[in-house]
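Heads up, there are several structures right after this.
Both complexes shown next keep chain A, but they swap its partner, so chain B is in the first and chain C is in the second.
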Partner chain A sequence: MAEQPAIEPMHQFLIHKIWDGPVFQLGGLTVDMSITNSVASMIAGAVILVLFFAMTAKGQIVPNRAQALAEGLYNIVDRVLVTPIIGPAGKPYIPYLFTLFMVILVLNLMGVVLAIGNLGGLSLTFTVTSQLAVTATLAVLTFFSVFFLGFIKHGPKFLGLFAPGGMPLPLLIFMVPIEMISYFVRPVTLAMRLFGNMLGGHVVISLFGSFVVALGLVALSGGLASLAIVPSVLSFGMIVGLTGLELVVAILQAFVFTALATVYLNEVVNFGHGH
Partner chain B sequence: MEAEAAKLIGAGLATSGMIGAGIGLGSLFGNYLQAAIRNPSAAASQQTMLFLGMALTETMGLFSFVVSLIILFG
Partner chain C sequence: MAMQTEDHTAAAGPMPAAPGHETAAVGAHEGATPAGEHAEGGLPQFDFSWWPGQIAWFLIIFFVVLAFMRLFAVPKVGGTIDAREGKIAGDIADARRMKDEADAQAQVAAAEAAQARAAAQRVGAEARAKAQAEIAARLAEEEAKLAATGAEAEARIAKAREAAMSNVAGIAADTAAAIVQKLTGKSATAAELAAAKG
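This part shows the complex of A and B:
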């Protein structure tokens, strides 16, 4: 019987160094400037974003293809999210939300579209958003900018967010801690959602990829075992279907992250109205 | 029972939290579809809320996924 390749669905998420950079001490912290596969993917994503910006920077009245795409993406953030949820007061925050949307979208899509190179265990590409460190950075950045914006705009009155109006005092003793917990768990859920979605989908695709190889090798041994080619081909069909599903998930998660950031921002911008 | 075996069983059991997320997502999309068929003209305007609800429901399932990952690899 042929040697079975090891089934390692988590292997694609390992970070390894591509280029050894200088390592130095900075204020008691060890800083490693090496280029890992994660950093390389982030640089590739940044290059794509800058190229996209350069292509669409010169606005024309009759848009070309790149500009039409950019305007469509901008409309998702502006007309689908910010204007209906926040209203006209949300206009100043569109640049941040649009940047968030584009960064997550590009990094997610790079992970899905180029992930086909990972099926053979080559580990050519890397889904940056499947690292909790990256999604937590985005989530914490978003959450605390919104939180401090609330204090800058409304001062100490903003703490009234944790005490819903018209509540009797005995209930308030229980409500305030519950409200605070549900408020401060937000960055955790934001980070977990993106991380879990990207990780889970890629693990499943990778598992079916290893089924194709393992069952195909069983089928090669001949005789009755060659029937194993049927589940092998079916698994390959599953990879195709799941990759399509992952494309939807990649776009949807970028949308959902931005939508939740918009909802959190709405509480700050429209604080005191409509509560 | 060996600790390693208990770890694997525990990780498997932890994923049963996804049952709730599955029921939640089913009821969410089912109700949305029901409402959308009754009043198709209002369906498009509620799509953003649908995806928001989906994201919040899905988080509960993802928590159980992450817990099982922590049990497996933590």
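This part shows the complex of A and C:
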């Protein structure tokens, strides 16, 4: 029983260096540009994306399967989100939203599809979107891009966003702070939603994975303990089921993040005539 | 949470070799406490010493992908979809136009056919009328000819009968003369014969 492996569901989120990179100071911050497992996964995801679109975007009128897949992904952003929510004025923002969607989708899927290798302690891959640093970067970048776009397009009038029209002054005193809080909490919810979704499922899968091994080892000791094979096998079934669920979550969260970014962008693009 | 980034990374100082052992985490996450040796700090995500490098790399990679999407993938994929829709719309418009053209041609053809049928009927009616007129004329002519021949023949018969009737008197006189001569041995005179006939 001494060799029973420790249950370390958080181990998969540990960052470690692969190659040393330059370290420099930036206003009191130590920025270590080393290639870590997290950075390596980001680069792999970017390479997958670039290769995928370089190979599939052939521009044929009658598409093959790969091109149809690329166009289907594009249409999720264009025809499902941007055109119905923003309208034709949303066209210029499609590249950003599509990049957002594809980057989150690929990094999420890499975390699920290749995560099987992590169960045995191997670090074949790394779920980049389970890092709060990354989801917060995406959320803050998206939120403040949209916020500053509002000022660029509408000037100080954009602050009217916090004062709902037709509101008497005494109510306005309460409404403006509430509106401001609900507005500026958006990047936090964006970051936490993606982070939490990518974290939870992976932890649970990892836990069930350690059950499979631990209970399997108990069963190997023979006798009555052999019955432990039953929960071991059940845990394995749970991993299979949860992995399927995680695939859905991976796709859904990429969609949700992009959909919310589109909704926020709509407030800016159609400012004044949407309310 | 993000506001604490600076404090922690500043406190962390130079990069440790094994960040898992560092206790930089926030301490608010005892909920899931794994039993391993890396578990002192709670979630590894809250080890802020890794944040600046991760954020910097992520921004670089994100903007590279954004540039690729902006310059290549979106124009290409979106352009293909638009081109396809344009082609389908154009093809449908072409087909509709051709159908209209065909309909118009069919109408012209139908009108022409109706005209031709009317013309043919008129020609047929004319020909029939002409033939009937000709037949009537010929019939009348033949009838007139027949009538004339009949009248001529009747006249001839009447003449012949007259002639024959006049001959009968001569034959009777001759016969009477011959009978008289045979019976009496002497011939009767013409005056006697004429008287006897009376």
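Brief remarks follow.
FYI, the second predicted complex is superposed on the first by the 262 of 275 C-alpha atoms of A that agree within 3 Å, B and C clash if a C-alpha of one lies under 4 Å from a C-alpha of the other, contacts with A are read in each partner's own complex, and residues count from 1 in each chain.
Everything that follows uses one rule, which is that contacts are C-beta pairs under 8 Å (C-beta built on N, C-alpha and C of every residue); 3 or more make two chains touch, one makes a residue touch a chain.
Remember, predicted model here, so these are calculated numbers, not experimental data.
In the superposition on chain A, A:50 makes contact with chain C only, not with chain B. Residue contacts after overlaying the shared chain place A:189 against chain B, while chain C stays out of touching range.
In the superposition on chain A, A:152 contacts neither chain B nor chain C. Touch criterion not met for A:224: it reaches neither chain B nor chain C. In the superposed three-chain model, the partner touching more residues of chain A is C, compared with the other of chain B and chain C. Of the two partner chains placed by superposition, only chain B is touched by A:255; chain C is not. Once the two complexes are overlaid on chain A, the chain A residues touched by chain B in the first and by chain C in the second are 10, 195, 199. The residues of chain A lying in touch with chain C in their complex are 6-11, 13-16, 21, 23, 26, 28-34, 36, 38-39, 42-43, 45-46, 49-50, 53-54, 57-61, 63, 67, 70-71, 74-75, 78, 94-96, 98-99, 102-103, 128, 130-134, 136-138, 140-141, 188, 195, 199, 203.
Note for the complex: chain A touches chain B at residues 10, 80-81, 84-85, 189, 192-193, 195-197, 199-200, 252, 255-256, 259-260, 263. Residues of chain C touching chain A in their complex: 1-2, 5-6, 9-10, 12-15, 18-20, 32, 34-39, 42-47, 49-59, 61-62, 64-66, 68-70, 72-74, 76-81, 83-84, 87. Within the complex formed with chain A, the chain B residues making contact are 45, 48, 51-52, 54-56, 58-59, 62-63, 65-66, 69, 73.
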